[in-house]
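Down below are the structures I want you to see.
Two complexes follow with chain A in common, the first pairing it with chain B and the second with chain C.
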Partner chain A sequence: MGAGHAHALYRHGRSPVHRLPAHCKIVALSAFVLIVVATPREAVWAFGAYAGLLTAVAAAARVPPGFLLRRLLIEVPFVAFAVLLPFIAEGPRVEWLGLSLSESGLWSAWNILAKGTLGVAGSVLLAATTELRDLLLGLQRLRLPSLLVQIAAFMVRYLDVVAGELRRMRIAQLSRGHRPRGLRQWSTPARTAGALFIRSYERGERVHLAMLSRGYTGTMPVTRTRTAGRTQWAATAALPGVALAVCLMGWTL
Partner chain B sequence: MHVPDGFFNAPVSVAAGAVAVAAVAVSLKGARRELDERAAPLAGLVAAFVFAVQMINFPVGAGTSGHLMGGALAAILVGPYTAVLCLSVVLMLQALLFADGGLTALGINITLLGVVAVLVAYPLFRLLARTLPRRRSSLTAAAFAAALVSVPVAAMVFTLLFALGGTADVPIGAVFAAMTGVHTAIGVGEGVITALAVGAVLGARPDLVHGARGLRAPLVLRNAAGEETEVPAAGTERAPSPARSVRPLWWGGLAATVVCAGFLSFYASSELDGLERVATDQEIIQQAEDSRTADSPLADYGVEGLDDARLSGGLAGLIGVTATLATGTGVFLLARRRASHRDAEARASHGDGRD
Partner chain C sequence: MSTAPAPAPEPASLEVSGLAYAYPDGHQALFGVDLTVARGQRVALLGPNGAGKTTLVLHLNGILTAGAGRVSVGGLPVSPPHVAEIRRRVGIVFQDPDDQLFMPTVAEDVAFGPANAGLRGAELDARVHEALRTVGMADAAHRPPHHLSFGQRRRVAVATVLAMRPEILVLDEPSSNLDPAARRELADILRGLDVTVLMVTHDLPYALELCPRAVILSDGVIAADGPTRTLLCDAELLRAHRLELPFGFDPHAVALPDA
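Coming up: the complex of A and B.
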């Protein structure tokens, strides 16, 4: 496989955040996002504090702001939905620049925008500082069933191969004058999907045979384990810990 | 339909996560039966296929294009358990690596795009494939119907979850209309592409289509004297019998539905009030008054005689689910009995010919 071993979102570095074990980071991020989602939307300052926390993590990981902001663009379709909310939601309305906006709709839009953006930013930071292999090993250490981890590993490993096959088919279609326009051309992508499935499935069978001939018994050998010490758990607990304090203050204040 | 963080409140996110974990646990067991020992590499490649299929765009007209969700396609091609596993892995990696779909919404995404889509598409496909005449065109038609129905049903479950724990104060009727309308249109595209893709695989490697196992016409040998004998196909012997393959699916579906109906509605009390206010605003209540079932013991999503709104709501949900399941299972059993009758008759007549 000529494909690289790092995924597109990974950013090589040697920062303290890069060095933390992957399973600690996954736990910390999940806890952080859950705390963010559980925060009342009226506590506007709390979301500012969360953003500050993530900025601090990004600075510690030496992830440049431009990189982070570009990756946030994936959220755009839901931003469009959030922008619509003040116009279609119920409740008392407020006048703003001649527009009649729903008050609760404004709050909902703010809620989705703030929480969604924080979640995406956290995931982007995790992806940028964790290598794929470490991520999968971390999931395994978190007691995710090994079959699931193996499926994920094979998927990631062969994604570029399958996507490359799809790209070659598309180039072949284009070079034969295929110009998809309208419903009549639907059979082409469908046949592409069918052909892609047969190729993927047959490749899976060949991979399995190749693994059997190399002594595969159903589990993958683990060549490197990274255990997390108390200091590393403490370091990763800082993010959700502070966030929890902020959340509790958001509920009480 | 990748839901981001913040769309649903924390209780619904956690509950949907529990449903997703249960579904994945059931699928892990079932996938070993579907794929034998080859589970990991094969399912991994199928997951990569599902991921790639979501990159295939088809033109919808007016310069826009849609893309496949792939739930129905994967279920028909590799079987329901493997499909749930593959979709879960795809969604998990999309959330972790590509920040596509929120981490807390992962359970919701798996439940909607994986579990609901597969639970709707696969039984419907098998039912249609067994009741329609044994031709390749009926398999294609069954694939079309299964994929077409699975998308709007997933959208309806989204609306249900939104009613339970959505964070936006939008009239639920509007959400329902918009989601179902848009996703019915998407479902037509999904259905056509799925049917054509299944047809393409059936044409080249019919043995790979999991959903068509045991449904192929048997090989008929004709000797010099013109006598015809049927050869039982090698593949059909090993195919799981439908009774055995459907039962775990049925129990898993029942468990998930019971959790949704009984447990989730505990959280729904305040939101249901909102729903009723919306209904009043839109004068749906007046129509509801006219409905003949308004004074039934389950009216208003509550059980008469129970004061605790949450408890009665949950109980009503459970009773409704049980009734729906009983009806559905009855229809299914009837259809199956009729199909097996026909099979037995066909076999008997062939047996006569062989003697």
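Coming up: the complex of A and C.
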């Protein structure tokens, strides 16, 4: 919390991947994820190829493997369900180490795990090589509704402010002898959340007032846009391009 | 009103006459405010909490519209057709810089006002740089506002409105939450500006330091108007309007920087 660096996922660098325009990278990642998802799960080798592609991008971006793997941990709660699938799915079963596992469940688990991990790894790479600010500008450039981009930008700006308010409220509660444990204290976090919501809402009103005072009329002025040249598009197309070839082979072989 | 300087041929920066306003819930905040601020003057608007100071400020750029009376800025009346130009002319620096600085970087935030006015490209960059240099924050242009100290954020907030080249700078409690060094730095910046200033505050020493003239807003009317030192030396007047000097502060004894 508080004053950190640009953002926790970003890794400062000057690699060719860092220099690519954000909107190209967003398009490339979206295409890559779609292609991965469209790949048949039986083509196990194809997923190895995808992982190889991402490793190549990581190497080009000079993102160390440890950094990437640590951030992949965010996926764990989401794939926990996948681990359960072999036990609860129906269909023919296989015996393994004395456990009776469902064959279709195993395939489903593999499907979720492999595609999820590749998607998250791609996103982590995007976040590691793109400043949050550029990411927002990239989304704007891709014609995402400007309201959504504005909301995202405000969230980025005010997350620290709201977190700071929450921290001060908690310290104030602890200072007055509140002990956050047990069922009976559950009403306190609920009220804290309510108070935080009201405060944020009121801050929103004050910010809006300040914006109106400086001539805001409902749209953010676009002061500069970054266009991408053909070479940059070609460079970013490399990842989804190769992935598409792999995917097509996965369907035909 | 008697202390206002001789009328100049150019229109006053701010002219408020007979301004009255009641909130939609029926609470009446202003009961006929008259105030004229000549170009280049620095005026302190003093008053206890709840006197209607913020309500008055929100009338100056047309966020609230007067129930009765009129406001004009540099000769231009505050009314819906002129609202864009009025908001360029009136630069309000709000009390909490976190409300004012909402863009991801300092430079973008300073660019917000002039960009809304239609400025682009090199001209916009020059304007942003000039405003940031004026407040001594040019080095912070590409930093996110939430990584700056409170005093730095307040200075950037001043730059965000200076970038619009306002006719009048309106500061809402500029010294609140500042440590003494940040307070002095801000005072140095404000004193160096060639712009009309209306400073809303109950920090009386700060008003004395920066503003030769002061007005007291109390119960929705201007209760006193005169040289700041004269007002602050009138213990009876201050007491009547819930204003108090800090312990040990003697307005007689202070040597004013301007004098």
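Throughout what follows, the second predicted complex is superposed on the first by the 246 of 253 C-alpha atoms of A that agree within 3 Å, B and C clash if a C-alpha of one lies under 4 Å from a C-alpha of the other, contacts with A are read in each partner's own complex, and residues count from 1 in each chain.
Heads up, the rule we're going with is that a contact is a pair of C-beta atoms (placed from the backbone, for glycine too) under 8 Å apart; a residue touches a chain by one contact, two chains touch by 3 or more.
Given the structure is predicted, the values throughout are model-derived calculations rather than measurements.
Of the two partner chains placed by superposition, only chain B is touched by A:Leu196; chain C is not.
Using the contact criterion defined above for the overlaid structures, shared-chain residue A:Thr252 touches neither chain B nor chain C, since it reaches no partner. In the superposed model, A:Thr227 makes contact with neither chain B nor chain C.
In the overlay built on the shared chain, the residue A:Ser175 is in contact with neither chain B nor chain C.
Looking at the shared chain after the overlay, A:Met211 reaches both chain B and chain C. By the touch criterion defined above, A:Arg157 lies against chain B and chain C together after alignment on the C-alpha atoms of chain A. In the superposed model, A:Arg133 makes contact with chain C only, not with chain B. The intersection of chain A residues touching chain B with those touching chain C, taken from the two complexes, comprises 132, 153-154, 156-158, 161, 203, 207, 211. Against chain B, in their complex, chain A makes its touches with residues 7, 9, 26, 29-30, 33-34, 36-38, 41, 71, 74-75, 78, 85, 88-91, 102, 104-105, 107-109, 111-116, 118-120, 122-124, 126-127, 132, 135, 145, 147-148, 150-159, 161-163, 165-166, 180-183, 185-187, 189-198, 200-201, 203-205, 207-208, 211, 218. Here chain C touches chain A in the complex through residues 58, 61, 63, 84, 87-88, 90, 92, 94, 96, 98-100, 102-105, 108, 111-113, 115-117, 120, 124, 144-147, 160-161, 164, going by the rule given at the top. Residue ranges on chain A touching chain C, taken from their complex, read 3, 6, 132-133, 136, 153-154, 156-158, 160-161, 203, 206-207, 209-217, 221, 223. Looking at the complex, you find that chain B touches chain A at residues 4-7, 9-10, 13-14, 24-25, 28, 31-32, 37-49, 51-53, 55-59, 61, 65, 68, 73, 77-78, 85-86, 88-90, 92-93, 95-100, 102-104, 167-171, 174, 189, 192-201, 204-205, 208, 277-278, 281.
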